[in-house]
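The next part holds the structures, each set out as structure tokens.
You will see two complexes here that share chain A, one where it goes with chain B and one where it goes with chain C.
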Partner chain A sequence: MLYKVMDKNVYQDFIKALISNYEFIGPARKDRSVHDFVPIKNISELDTNYMRTTIPPAKKLLFYPTEKLVNYEVGKSIDVKPVVESKERILFGINAWDINGMNFLDELFTTDFIDENYISKRKNLMVIGMDSQPTETNFSPSMGADYAKSGFDIYLTELKDKYFIRIGTARGNEIIQKYAEVRNATAEDFKDYDKYLDDYRMKFKLNVDIKNFYDNFELIYNNEEFWKKVAKDCYSCGSCNLVCPTCFCFNIKDDMELNLKEGNKIREWDSCMIPEYGLVAGGHNFRPNKENRLKQRYRCKLKTFIDKFGKYSCVGCGRCIETCLAKINIAEDINSVKREVSV
Partner chain B sequence: MVLKTKNENKNSIYVPDIARISRIEKLSPTEKLFNIAFEDEEKQNNFKFLPGQFIELTIFGLGEAPFCLASNPNNREFFELCVRNAGNVSSALHRMEEGSKIGIRGPFGKGYFPFEKMRNHNVLLIAGGLGLVPLMSLIKYIMQHREDYREIMIVYGAVNPDSILFKNDIGYWSNRSDISICISVDNPDDKWTGEIGVCTKLIPRVNFPPEDTYVVVCGPPVMYKYVIVELEKKNFKPENIYLSLERRMECGVGKCNHCHIGNKLVCVDGPVFSLWEIINLKEAI
Partner chain C sequence: MSKPKVGVFGFTGCGGCQLEILNLEDQLLDLISAVDIVHFTEAITEHSDNYEIALVEGSVSTEHGVERIKKIGNIAKIIVAVGACAVSGGLNCLKNLYGTERAMELVYGDKKDWIDSIEVKPIDQYIKVDYYARGCPPNRFEIVDIVRSLIVGRKPEIPNYPVCVECKRNGNTCVYEFGMTCMGPVSRAGCNSRCPNSGSGCEACRGVIDDPNVNAQKDLLARYGLTVEDIMEGFNLYNACNKVPTVENKNN
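And now, the complex of A and B:
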């Protein structure tokens, strides 16, 4: 990690240079309350002062809702080829918890087997992070995800009259050297940064009591009444999965093109909340009811990956809380697990 | 983090290899046995698997599904799958003819039946219905290396006499003195002279000493609970009991997450687990 500082008046030129030299994806205003990460052609379209994005930016660029994995031609012989897409892009303005969500996907798609379809896109994605303002449903400090330690090439933090820059990769350093005028961060800069971080953390209002969840969950797991209450209003629609920065479940489908000569193996997002998720041939369903499915979603987000990667797979972004039609609230539910056990 | 890269094989993990069905045998009204070999001879020669592992079978243009390997791992000329006509892919496979081409990915699964540890021990194999299929690979291996193992017993439950699988193998083994087979059917016909009822009922009769016996179990999800209760009564140790679990496995490589049970992925960590590994894993059994 290198620590640099850039003057505010250099910023505009730096961004303009990136926009003209790269495929540049950044936040743009969609309507009054929602931003979306889209290709930016002109700096005037860019609006880094955002609060909400519906689809997590990294997932949008790296793990498509539907994606061709394999293409084949069926004739006398069958010719099978992998479909791997990869192009150099800059993802600009992604915040810390979404970077942490992406770090989770990085780890997932490189554990046990390497998923070329994800990783080829990831390797060519230059990530420039920036803090954004948390919504009232954001509890990322509780999940340890309000600060990004890795996963970015460059992280810009806007201070009063300057940008504090953390450079995470050699690739990031090259870009900085090429397109921006920077100086080494001094003790004074670090002090300003420290002050900024303290103030920034104060903006997160929602806390969850996740500390003993790992063990408490085991006790609450068999409490049917509790889960009935929690999942009472769930429509099993899967909206929570679609907006989650770390949800990655997918189906693999085979499909023929209309010419009936070519076919594809396609992956498309699946949702652990819909009834078919646990269904096997022969008709047995391993998770037949919604209590079961919501419970397992919480286990996946809050416990499973503590064992596997040593971290939660929930980054506390609060998107699922805002998106849920039934107002199911993961933050409240974590706290009620604690209440239920400690009473 | 450092992003790992795969150098030696540029192929994507989702690309199947082309294989050919060389022989089809009807085993029961709903099950067929398929002999399959890769088109590429080198691929076939290098195809090594362990008893209990599975493959993902693609029917091009239609879909992909996981199946357990049923043949002796030492047989390197082809491998066998025993498939019930139950889902999209399996019913399409049942409609296929000898010589048809399919796609195969695998073998998958780190969890297999521990045939090395079982050496110099008794082995009790308990199968319910289609659960005999994954065990066949282990049984055939053991029978080929029979002198390495002590007492072998198969407890097999089927719905009715018609649905008994691998009748030829079972008939052959029944005439041998170095393996005992108990079969029980739920719905007997007029000619049935054997045991009647669920196979769990046969477990109390097993007299293998628990300290040097390995138990392997495979059957429908509902069977495990009852079998485990019976095995515990007999004092078999949870670390010596191995179970093959069924889940929906779309990708086989630990990515699609359909088969996860808590911190375990059936496709990567299983499909065979010792009872100890999953003893308090909610939803596993």
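And now, the complex of A and C:
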């Protein structure tokens, strides 16, 4: 990690240089209270002072909601060609928990099987992180995701009259050297940064008692009454999965042209909360009830990947809490597991 | 392999579903080279009673319609109901809420006896329907998918999950956040969340999913100051012929 400092008055020139030299994706205001990461052509469109985006930016750019995987032609033989899209882009203004979510997807899509469609886009994505203000449903400090240790090329932190810059990769260093006027960070700068981090953490209001969850979950696992209560109002609409920075499940569909000679295999975001997810040939459904499905989702988020990668697949961003029309709240439910067990 | 013969038929409705097929533009030539269209009310003058697949739009609302739909049912091996009117009766079912007599009086006054009109029903009340291309209008690409699936002998993939899935894939902000209401959480997807994409709530034109959480929808609408009657009205626009899932005792 390299530490640099940039004066505030050169920030605009730095951004303008990036916008004119790269395909630049950054936060822009979408609706009253929601932002979205979109291609930015002019610095005036950029609004880094955001709280919420419906869909996590990295997931949207690296793992498309629908994506062609292969193209095939049926002649004397079947000719199958992979469709891999990738171009150099800058993702600017992504916050720490969303970077941590992306780090999870990076690991997921390169473990056991290398997902070319994901990783070719990821290699070409330069990530410039920046803190954003947490919503009241955000519990990322409880999940250890309010600070990004890796996954970014550059991380900018806005202090009073300067930006404290963490440079995570050689690629990030090249960009800084080429487009920004910076100096080395001094002891004074580190002290200001330390104070900033302490103040920033105070902005997260929601605390989740996750510490013993891994083991406590076993005790609650077969408590049908508990899960029925928790899942009572679930619509099985899948919104919680689709807005999650780490949910990666997808379905593959065959899209054959009407000429019956060629077609594509297409993947689209799937959701473990919809009844068809657990349905197999012959009509058996492994998870026929909404309480089975919600329990499985919590296990996947908070236990499965502790076993597999040593980390949660929940970064505490709070999107699922905001999006759930039935008011199902993972933070509250983690705390109720603790309460049930400690009675 | 000879091309399957297809008939496209219209019953009571606005005719927009047939228009959706004609709107396929980019795929229309491929469609007519993949199948042999022997009847298409809105598009061709030729007619033949020799067809294997019938695409039927519109609901049945006249005695003459009952005869016609039964004949189609006898001829075709595979029946596809196209659009809300054929699938669930659609908007036409609103007539049933008045009763045929009263509706006839309201619309035709003293000339009501000139008109052949009976209680509106979706086509599966008269014949067995194999596949449903839901929606008002139906998704034309889904109609293509059904036809293509029939040709290659595969089951068409028709979503049975709520509109929210497609709405989130499209990155929309939930319309409830703008103080609007939406039937999306209990309504069938397949439309690519057409209405929320343009900022309005879903009106359940594709009907409700198999296992809707009606209680949750009731609580949700109550938070927005609406009642059970409002919910029923929400369903009624396109689903008045259907038995709408009733609100169970909340404690169940």
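Miscellaneous remarks
The rule we apply is simple: the second predicted complex is superposed on the first by the 341 of 343 C-alpha atoms of A that agree within 3 Å, B and C clash if a C-alpha of one lies under 4 Å from a C-alpha of the other, contacts with A are read in each partner's own complex, and residues count from 1 in each chain.
In this section, contacts are C-beta pairs under 8 Å (C-beta built on N, C-alpha and C of every residue); 3 or more make two chains touch, one makes a residue touch a chain.
What you see is a predicted model, and the numbers here were worked out from it, not measured in a lab.
In this overlay on chain A, chain B fits alongside chain C without clashing.
When the two complexes are laid over each other on chain A, the CA centres of chain B and chain C sit 70 degrees apart as seen from the CA centre of chain A, to the nearest 10.
Once the two complexes are overlaid on the shared chain, A:K203 sits clear of chain B and of chain C alike. Measured by the number of chain A residues touched, the leading partner among chain B and chain C is B. Of the two partner chains placed by superposition, only chain C is touched by A:Y235; chain B is not.
Of the two partner chains placed around the shared chain by superposition, chain C is the only one that A:T323 touches, whereas chain B remains out of contact.
Once the two complexes are laid over each other on the shared chain, residue contacts for A:D31 go to chain C alone; chain B is not touched. By the document's definition of touching, of the two partners only chain C reaches A:V243; chain B does not. When the two complexes are overlaid on their common chain A, residue A:E268 makes contact with chain C while staying clear of chain B.
When the two complexes are overlaid on their common chain A, residue A:T54 makes contact with chain C while staying clear of chain B. Judged by the touch definition given at the top, the superposed model places A:M256 against both chain B and chain C.
Of the two partner chains placed by the overlay, only chain B lies in contact with A:K123; chain C stays clear of it. Note on the superposed arrangement: chain B and chain C approach each other to a least C-alpha distance of 6 Å.
In the superposition on chain A, the residues of chain A contacting both chain B and chain C are 253-254, 256, 260.
Chain A meets chain C in the complex at residues 30-34, 36, 54-55, 60, 65-66, 232-239, 242-243, 253-254, 256-260, 268-269, 271, 274-276, 290, 323, 325-326.
Interface residues of chain C, counted against chain A in their complex, comprise 27, 30-31, 33-34, 144, 147-148, 151-152, 154, 157, 160-162, 164-165, 168-174, 176-178, 184-186, 210-213, 215-217, 219-220. Interface residues of chain A, counted against chain B in their complex, comprise 69-70, 72, 74, 77-78, 80-84, 103, 106-117, 119, 122-123, 150-151, 218, 221-222, 248-256, 260, 263, 265, 267, 270, 272, 277-282, 284, 286-287, 292, 296, 299-300, 303-305, 307-308. Of all the residues in chain B, the ones that touch chain A in their complex are 1, 3-6, 10-18, 58-65, 84, 86-90, 101, 103, 220-221, 246-248, 250-251, 253-258, 260, 262-263, 268, 280, 282-283.
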